[in-house]
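Next come two complexes built around subunit A: one with subunit B, the other with subunit C.
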Partner chain A sequence: MFRRSMPNARRNRRMNRSNQLSKAVETVETMEESGEQGTELVSHHGVILKSHKSYDCAGTLSLMQYGRNKYIEWKAAEVNVDSDTQDHEWAVVSTGRSSRHRSNSECARAEPLRLNTVNLKSFRVSRHRYGQHLTFAQRGESRSFITFIFHQGNADVFVKSLLGQLKAYRSRRDRNLYDLAEEDSQETQELRRSFAELNLFPETAPYGVWNFIGQFRQRPYEATMGAFSKITDALLYKPAENDDSSVAELLNNSLMEEDAVIANVSGEEYEVIGSKATPILPSRPPVTRGAPLSVERWAQATAEDGRVTDVTAIKKIIFHGGVNPSLRYEVWKFLLGYYSWNSTYAERMCLRKSKVEEYYQMKQQWKSMTPGQEERFSDFRDRKSLIDKDVKRTDRVLSFYAGDDNPNVDLLNSILMTYVMYNFDLGYVQGMSDLLSPLLQLMSNEADAFWCFVGFMDRTCTNFDMDQAGMKLQLTQLHTLLSILDPQFTHYLDQHESGNMFFCFRWLLVLFKREFTQENIMRLWEVFWSDLPCPNFHLLFCAAILDSEKETLYANNSGFTEILKHVNDLSLKIDLDSTLSKAEGLYLQLMNIESELPDSVRTIIGLEPLNPVDGDSENDSIEDDDGDCSNHTEHDSSIETVSLGALGGEVAFERGINFQYM
Partner chain B sequence: MSGEKREHLYKILVIGELGTGKTSIIKRYVHQFFSQHYRATIGVDFALKVLNWDPATIIRLQLWDIAGQERFGNMTRVYYKEAVGAFIVFDVTRASTFDAVVKWKQDLDSKVQMADGSPIPCVLLANKCDQQKEGLVNNPPKMDEYCKEKGFTGWFETSAKENVNIEEAARALVSKILLNDKLLHGNDTKDPTKIALDPNGKANGEPPNGKSCAC
Partner chain C sequence: MANRGGAAQRPNSQTQGKICQFKLVLLGESAVGKSSLVLRFVKGQFHEYQESTIGAAFLTQTVCLEDTTVKFEIWDTAGQERYHSLAPMYYRGAQAAIIVYDITNMDSFGRAKVWVKELQRQASPNIVIALAGNKADLANSRAVECDEAQAYADENGLLFMETSAKTAKNVNEIFLAIAKKLPKNEQVSGAGSANQGRRLVESDSSAKTAGNCCK
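Presenting the complex of A and B:
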């Protein structure tokens, strides 16, 4: 499931290509078998050597001192030698042809890598979807590069430590680039000589580049994802003065021809290519809230016989301003589907009569259960006990439910028990009493509150799925939306083990019930129930809250626990109207670039997918639930993949549980 | 160590069936306060308790209050990681919540371990002991045996309402965590297998720190 976005067949194909190409471009500096004990100066775990392209193969990147020299050293944490690791070649990328080949069995082992810092010219940090990249450039004419991916942690910390240990200067032209001071000691010269003797780079740089591109053009299908990233690193990434711009351009052009592959390479320096996958949002239009649906307007929309005309306009008013509290008692019955908009007074009276009867009939069923029956009916007993536990602690601070022997608490209990009889399979799940509480407070009448609750549950029952599939889907969808609305923040969350969005669990489970006062939750819910402007508007509402909080999270560099705590502590501190405005603004932003939105986003907000599933070709297989199979590049699907990556960063048990739905 | 204060931050899980009083225990412990009307926890809540353990040691306990309904289990397990200790809470008035203790313990042990692979220290809390008890909890020697068998550090009858034994239970858990810390860190030169064995041996060999309360 971990590689869901990359079906096996395709993956294997890529790996085969990878092996072929690894023979074409690589040079290796093996670890000397000196057996010398070094001193660890700096180290960082969970760092991936980029050529591995596998999240399973993280290692430790350290700065080591051996004798008088300092070395950048990388060691794989643990390597499983199986078919999946056959692409574990590692390589210092050079632009020349390799004079040495590695067999597959060699590739299966991720050997440690050691780079003498005197041979390093510079290093650069860059942000990518998959984490931060730290790239070292070697000295000399070879222009070889090696990149490490900081998937779990922050490369900045490592860099800071490096700066404490190495003589390095931040480049004036590129603030992410650090030039290393040259110490042309005797050793350096010796090492250079030994490099030269190895004859790894038979041709001088520019020719080497051209030569390689020539090869690439002749054999495009032997190119691989991994190799592409190496090539682009080597050519597009310009550490200092660079006269290869024409080469880079040429490469860009040739890469364009293969865009299915390239989209993998995302990040600022690949803007030309990356812009294809992540549409740029226009600025957010200002949105103002409207006045609530007034008594006059409602009367105007109600025909003589009681039918509600103008439903579309009424819903629009509700979306923009809610409902006047004095009208809620009536309007909510329509919004929740208890009454149909098209019904007459007479029909509604008739319907209500039968619904009330039906309610009491179902109520009678659990009321008349004898102790003996209950004794032998554990499923019933369990549900009853859960309800009993929860109603006693639902909104007891509100005057409506306060105090001992409050009859409204008994009503809450009765309605939930009756709902168990109405939908025994769903039964009672924690959170339901929260959803019912405002309805009962508003309706007062037991039977009306029940049927409104039924309507509410029809909308939200997937929140209470036994396997939590509905919750997981929403969390994934929220991540998908965020990755378009705010890639930087999404990246931040992914980097901080929060790409699973679990910190929004409470928001979604009880639709923000715990985050707002009873008055405000009524307003928010009626806005949601207008079903405008699109499905899943509540996810945009989540995104709007997060948009207001992200600066705080950045400022504190909040991690998994802090994000969760911060979000939990927002309860009763969220401004409703401005957040609703912002959420609508986010929607308008998306609609402004409607045609550029990936299908994964389109389907969430109710737009037709541009590339519906064709469902037959095997190489398309499963891309994601939304059937977005047309652009199966890693980049497009990275919306899903990133969240997997983030989950993968957590303790191993998570995989077994949470990947099932991914 | 003279004059220098050592600080520890420990993540403690509080788990167990719905409505056993997890939130109440935490609020009592952290805020010295009890209410009948704490809301059901949805997802997870936090609380922080700072202990001046001894003149040289400050301990910060991060208490993770995790929703009890089984259905949310596969969502809330993500919060287990990096925990170094746990309370499993049951309600003495409902034997069914005691029956579920084994399930919670197994779940805990399978999801989080100490660095050496042994289970994290876990104290069993028999909560609401101010009320009529039901089941095995009425037989303390049997409970001792049960805890030994299931690998609990100890057990305590507690009452969040009457403030019974909660401090004591926390102290027992923290002692065990500190002991583990020492065993893990003080053993650098010894045979590595010893580290793995010690905590288990102690957990089984020693009588539980907790004595059941007399209420």
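Presenting the complex of A and C:
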């Protein structure tokens, strides 16, 4: 692949080893003498070191850990070509070691290069006809740069892992620029000079940047040239000795001055990507849980005729502390919309009477189905058989459903069968019996449980969409929220084949039913049903759990499988109250920067979009910049599709699949 | 809960040879006993009221095959048709699949055939497929004849066994048969987990036993 796509002239050039590269070897060897065993954190094959003016060498770029320090390491590709040609496209982004691409034998002799990340000031990703460039800028006065060209695949996965492993901040003005936090280590000083000593670029300091500018000059796009002329000047003439601003900063500042958010000026050579800030969250305020809604408070809120006054205040109490278990039987009917808050005792009695009748009427419909009718009614039979299979294995460990011939299991069955008659199109989908079980246990009464279930399903029926659209939307929304709440963790997930958030599928499908005890799930659900403090609070609850688990995932460098397993195994181990507090804290953090939130986030948490017409299709993941995602970067003008546009449900799923297996 | 039958053999510390790792996926209609088979194989347990699988579950189990240690990475999927669209995420890159049906349920056998077709069309070309007629302990209510299933399996080049997660009949056996049939020297490239950077580990003695199947 490498050979095929390289221009002939370049291919035929011979390796011209420079003294400078030999120096690089020395550095590496010295380090190896010290006996440190490195750990490879991530690597990418098919990366060209833009080191020498006359020759480009393909190799493997890695992030390595030696002791406490992390290094960017580049090694020329080995000559041995794995005979296995399967998965060519993906071999280059796999972190596996096998090197499947060809390389020139001269290249194989090119010396490795190793850069301590503590000496790196920033890095920037830019796009080029032959692949993305990743340019590192060194700290300190020497102002050196080194550019790697991602000739095979794109740099995203690598960049995301850098973000996961290094403390980096995305520039607010230039979304392709990342500043690395300064870490003072003992070795900092002594290694600081590594770039300078290596002196990789004897004649023209930052080759990659020169190249950039050179090409840029030839194509003076009107829109961008103003913004960039300054940089061009600064780079064409070596910066003054004491000017210690880096090119990255120059790029950055220049963009800032012009406020040059120039979207996608695409040319053959270059594309300047518009900048868009990821808002920085303020720290999380401490949140404490409250006491459950008490019998007294409930009585106080109930007027003489039975109307519930003070609904807002009551919901607030429920949001912060849930409902006293003895009141649930009553209060849940309101929360689930069976009773309206505004109804009187008399009205509710009347309503209940007719609802009970209606229930038994519908129940009669399936009960009276003759065997012959059933025989000829396969859709009905399918639903019936699914219910049959599931009620037998729903919460049978709870005493309420335990034992053979437990009548409550029959009730579960009856209610679900009746629901099939109530909403035949939705019918029965696996997971519904889980949702019904706590309701029936609480209500005991068949008809009441049914109507509460109807209310619950009204809220959650999109979870059971035929095409999984509701689930995909939620997983996408969760990803969107996380990318603001915790960009680093989001990058980590993306990088570990988990950007589709599929590991949260069970949480969302049955609203954490499998993760908590029956008592706790009742508490959690009533909190959700308060609809406070915002729509989709359950997604913030997901984010809160993940926040508590991410360190473990980082530590184990968990991938798709391990993440899913870890999340599945959290069942019954999640602390409810602290997680609820954290979720509320996350909400408060978001609200603190409300005006900076992109519309994709605003719409999820129920805020008015700021740009309702054009939408805010900016997504903060790097993918948006890529050519290879162009099939789904088209911006739609409606809000719903905007949030789906760049990271659309379908796309996100597909992406997950691709990353994992292709 | 019955607790008969032990978990599959675990490798002991003197295991010779290489460790081979395979991705295996369980497919089949809801309630045919996929999770029960895995639970039996991995933990040696059986739960009468095994809850339905939502999304997917991931488990691992290791078996010893002569001097080769085979590590199965098992994906247990949700059987209901509604979740069918998620299945490719799990069977892609799998080197082995067990397609399960319930011998007391003819529909589940029909569904199994559909799965076989889908895998033959869409999964890795060299995938080893086994057909498991589960709930063999309920032979009294049998709806699918053993011969019929065997003939179908032969036609399609599938491994076939009637199993019972409840009695443990043929559970370890079917996994072992798969392990035997898997090509031990080629599985690196096809491994779904290769992209996650996990590699096979060679045990100390591998050099001495290089002549064996796991090269």
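The criterion applied here is as follows: the second predicted complex is superposed on the first by the 340 of 662 C-alpha atoms of A that agree within 3 Å, B and C clash if a C-alpha of one lies under 4 Å from a C-alpha of the other, contacts with A are read in each partner's own complex, and residues count from 1 in each chain.
One rule holds for everything that comes next: a residue touches a chain if its C-beta (ideal position, glycine included) is under 8 Å from a C-beta of that chain, and two chains touch if they have at least 3 such contacts.
Being a predicted model, the structure only gives us computed values, none of them experimental.
Chemist: May I ask you to decide whether A:392 touches subunit B, subunit C, both, or neither, giving the answer as first, second, both or neither?
Modeler: The answer is both, since A:392 touches subunit B and subunit C.
Chemist: Looking at A:466, would you say it contacts subunit B, subunit C, both, or neither? Reply first, second, both or neither.
Modeler: A:466: touches subunit B and subunit C.
Chemist: I'd like to know which partner A:568 touches here: subunit B for first, subunit C for second, both or neither.
Modeler: both
Chemist: Is A:510 touching anything from subunit B or subunit C once the two structures are fitted on A? First, second, both or neither.
Modeler: The answer is both, since A:510 touches subunit B and subunit C.
Chemist: What's your read, subunit B or subunit C touching more residues of subunit A?
Modeler: C
Chemist: For A:429 in the superposed arrangement: first (subunit B), second (subunit C), both or neither?
Modeler: The answer is both, since A:429 touches subunit B and subunit C.
Chemist: Touch check for A:559: first (subunit B), second (subunit C), both, or neither?
Modeler: second
Chemist: What is the contact status of A:496 with respect to subunit B (first) and subunit C (second): first, second, both, or neither?
Modeler: second
Chemist: Taking the contacts subunit A makes with subunit B in one complex and with subunit C in the other, which residues are shared?
Modeler: Touching subunit B in the first complex and subunit C in the second, residues 385-386, 389-390, 392-397, 429-431, 433-434, 464, 466-468, 502, 505-506, 509-510, 514, 561, 564-565, 568, 653, 657 of subunit A appear in both lists.
Chemist: Enumerate the contact residues on subunit A facing subunit C in the complex.
Modeler: Within the complex, subunit A contacts subunit C at residues 40, 84, 86-87, 90, 93-98, 385-386, 389-390, 392-397, 429-431, 433-434, 464, 466-468, 496-497, 502, 505-506, 509-510, 514, 559-561, 564-565, 568, 653, 656-657, 659-662.
Chemist: Quick check: in the complex, which residue numbers of subunit A touch subunit B?
Modeler: For this pair, the touching residues of subunit A are 385-386, 389-390, 392-397, 429-431, 433-434, 464, 466-468, 471-472, 500, 502, 505-506, 509-510, 514, 561, 564-565, 568, 650-651, 653-654, 657-658.
Chemist: With touch defined as at the start, can you tell me which subunit B residues reach subunit A in the complex?
Modeler: 18-19, 36-40, 42-46, 62, 67, 69, 71-72, 74-75, 77-78, 80-82, 94, 96, 110-112
Chemist: Write out the stretch or stretches of subunit C touching subunit A in their complex.
Modeler: Contacts found on subunit C: 30-31, 48-52, 54-59, 73, 78, 80, 82-83, 85-86, 88-89, 92-93, 107, 188-190, 192-199.
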